[in-house]
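The same chain A turns up in both complexes below, where it pairs with chain B and then with chain C.
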Partner chain A sequence: MGKVKVRFFGGLIEATGGKKEVEVSASDISELLDEFVKSFGESFKKRVLDDDGAPRPFVNIYVNNKDIRFLDSLKTKLKDKDSVIIMPAVGGG
Partner chain B sequence: MERTDLTDEDLERYSRQITLNYIGYEGQSLLRDGRVCLLGAGGLGSPIALKLVAMGIGYLRIIDRDVVSRSDLHRQYLYDESCIGLPKVEAATKRLSILNSSVEIDPIATSIRPSNVEELIEGVDVVIDGLDTIGARYILNRAAVKLKMPYVFGAAIQTFGNVSTFIPGETACLECFYPGLRDEDLEKCATVGVFTPLLDIVSSIEVSEAIRILLKKEPHLKNRLMFVDLENFCFDLLEISKNANCPTCRGARTEVSRSLEKAVSSVCGRDGRGVFIIDTRKSLNVESISNKLRIEGIILKAEGKLGLTFEYNDKVRVSVLKEGVVILQVASGSGIHNEEVALRTYKSIAERLGLPLA
Partner chain C sequence: MSFVKSLKCRECGTEYPPIKIALCKKCFGPLDVVYDYDKIHISKTSFDNRPRTIWRYSELLPISDKKNIVDLNTGFTPLIKCVNLGKSLGIRNLYVKNDSVNPTFSFKDRPAEVAVSKAIEFGDSAVACVSTGNLAAAVAAHAGKANLPCYVFTPSSIESSKIAQIASYGAKIIPVRGTYDDANRLAYLASELYGWNIVNITSRPYYCEGSKTLAFEICEQLDWNRPDHVIIPVASGALLCAISRGFQQLEKVGLTKGEKIRLHGAQAEGCAPIAKAFTIGADKVLPVEHPKTIAKSIAIGDPGDGLYVLREVRRSEGVVGAVSDLEIVESIKLLAKTEGIFTEPAGSVTIALAKRLIEEGRIRRDDIVVCCVTGNGLKTIDAVSEYTFAFSEIEPTLEALSSSLG
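And then the complex of A and B:
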């Protein structure tokens, strides 16, 4: 279990009711997302997670600037002072 | 190939780059011999083109399927008001040739498709991304991996953007870290907007990476995704890696997404109009279309060598590009509300004007 700082970017800020940065205690990414569903409710769940509870393809999560796809995905462990970024993929130009 | 010396004019023109240790005489010679393919000449593509041409690369191929709109001008300052309705690649070539006549500019007014992309990007040292959809980027990514072509990726929306450099065989590709995306799930500039200074930052980093490749230096953004957000003033370097299961990198991807080969597609509206792009895939004779329009009494809004724009009626504006792309810009109240109706409308226009059917 670690107390981590999470930053949200882009359209995902709407899913948190406007919050750009929060501190949360969680042992891994899966638990972190559960905490957000509890605190931010349905809008977060619908926007960020698919029907199986996994992050949608356009949602990118980084722990200490490392993409969790290349760590342990949802089971990536969190420890005190870890930094988490949750941001949408960028497709414009 | 033996390299020729820089000319006296080159020495004067590029003196600030030649005295810069980072480039120098040798580097300027490498730039002069450098060949780049730019896909997309919009928000990112236009500042990319300006910088590459000003810096004196040897050859720039520009591929784009759009015409200049009034709503482009706040950020795409490669163009001006006199360019509205002209194919972007044609307007770009005119401006870039004045900026630096020693650079060979090769404009191609076409859509990027799985069936033409390999031909479009071959014969260059690096491809640079000025695209505006993830679908087109996937087409480019797959071809770049297959042809082992370095690909500088850039994307921008609202106040935030991404840049990364993919070296096939060495680094992650686009689909290693952005797999399975659909454009309908992503935000679009026409609906959420984009901040002009952001485009300059993202395009500058892209150019810097492409220049490093031409200078035979290691790109900075190999296996790193640069994230910038000017609203919150964040600059982050995020670590990405090659994904062992990526079907593109494994060469296992054979299917072509149907949505990427569609004859008609609805794209973001502009200037208060809905926009449909119809890809006939047949070369058009712009001059004979222009003559036919005159005979029919239809007024041309803009006319170039690679395409033209005309008002078909008070609700429908049509742009036709030489390589077979037709853009319908439809006003509200036109009744053209989906791709099927757009295609039907185009069919009746095509029959009247002798244009090819999609």
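And then the complex of A and C:
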């Protein structure tokens, strides 16, 4: 269980009802997303998660600037002072 | 005047007016420019007296006022019938679309010219981009011409020749330690925090439109016929999707009709997330954390348009294939030796894939095949020189010459 700082960018800010930054306690990303569904409700769930509760293809999550797909995806552990970014997957290239 | 009707989300279909917007607000899907095709009246003769640049297709480009165009004479590059290379590979109708002779020596002048022109139209006071080098040079050159400040995010590992080129155009280079995807993430965060127009992120729907002019030119240069196969380098996948859209739009406005065009995507083995998904029949593209290939221009580990490349290639019955660095170097040399065209690794992946598809019988002897050669070999001398030549100097005497010739 860690107390982490989460920052939202772009359209994600609408999914949180305007919140750009929050501090949350969670043991892993899965639990973190559960917390957000509780606090931000359906709007967050519909925009960010698919039917299985995983991030949709156009949403990227980073822990300490590393894409969670290169870590343990939803099971990526969180510890105190970790920094989490949730943002739209942008094209580039 | 512009024939743009709206921007439409490729995923959920939500439509937006043609404003500056990166993604669908509802689902974060990519947005495509939609034109009012009923109002566009062009025929094959419409092009007789038009400029030999991308702007000859202005009805299908998203710029409202011609005075905003930043024109470096981009486009209408040669479509070269490669008899020697074709003979060497065993086919009769092989063409190279030689985009290495664009103003900044890659196809990226096409999207950059549209994007910087659109930035002028939006009244932006600066432009920026994230790039493995070619786009950065293209945006920097156009920004210079338009007298706009330019910022470019690049992975710090890009070729020194590209850095020299970008810096010469006067851009501020922000070299990011890490991969393209690291630079891309930082650029996106900068666009959110500072309001910068990162042209391939913030105004991506318009930016992508420039690349489809490759499809228009290929058909026009084949006397408005459609090729059977087009082989395209794939990094983010935006180019392949744009070319596919270009072919579809030509049909919509009545300039071409005919057989299916098979679109093939070429990646480098050291960074081939889309080719891997294609090969195993997956619908998801798993990113590559540490790309490793001499084809740095196409070393994008997390391709934004990966899903759509799979969709377009499967729809057209093409393939996405990956070639090794060795095949890349061999293809650079083969193209140079047989046709006098010197390309960078990212351009030669198409020749290497063509060779394989011919050997596998997927391309037949009489098919019309176009390989998109997207960048110039002089941009990547460092990457290939160790493979391509070695020499030792001789004394300036006839004896030394004679013995060196063996």
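Simple rule for what comes next: the second predicted complex is superposed on the first by the 90 of 93 C-alpha atoms of A that agree within 3 Å, B and C clash if a C-alpha of one lies under 4 Å from a C-alpha of the other, contacts with A are read in each partner's own complex, and residues count from 1 in each chain.
Going forward, a residue touches a chain if its C-beta (ideal position, glycine included) is under 8 Å from a C-beta of that chain, and two chains touch if they have at least 3 such contacts.
Keep in mind that this is a model prediction, so the values were computed, not measured.
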- prompt: After superposition on the shared chain, which partner residues are touched by A:47: those of chain B (first), chain C (second), both, or neither?
  reply: second
Task: Have a look at where A:87 lands relative to chain B and chain C in the superposition and call it first, second, both or neither.
output: both
- prompt: Between chain B (first) and chain C (second), which, if any, makes contact with A:18: first, second, both or neither?
  reply: neither
Touching partner for A:67 - first (chain B), second (chain C), both, neither: both
Task: State which residues of chain A lie in both footprints, the one left by chain B and the one left by chain C.
output: 9-11, 56-58, 60, 62, 65, 67, 69-70, 85, 87-93
Query: Touching chain B in the complex: which residues of chain A?
result: 7, 9-11, 20, 56-58, 60, 62, 65-67, 69-70, 85, 87-93
Task: Would you tell me which residues of chain A are touching chain C in their complex?
output: 9-11, 14, 47, 56-60, 62, 65, 67, 69-70, 85, 87-93
Field: Contact footprint of chain A on chain B as seen in their complex
entry: 40, 42-45, 129-134, 137, 154-158, 160-162, 177-183, 185-189, 192, 194, 225, 227, 229, 232, 234, 236-241, 243
Field: Parts of chain C lying in touch with chain A, wherever the complex brings them together
entry: 11, 22-30, 130, 132, 135, 180-182, 184-185, 187-189, 192, 200-201, 204, 235-238, 284, 286-287, 289, 300, 302-305, 307
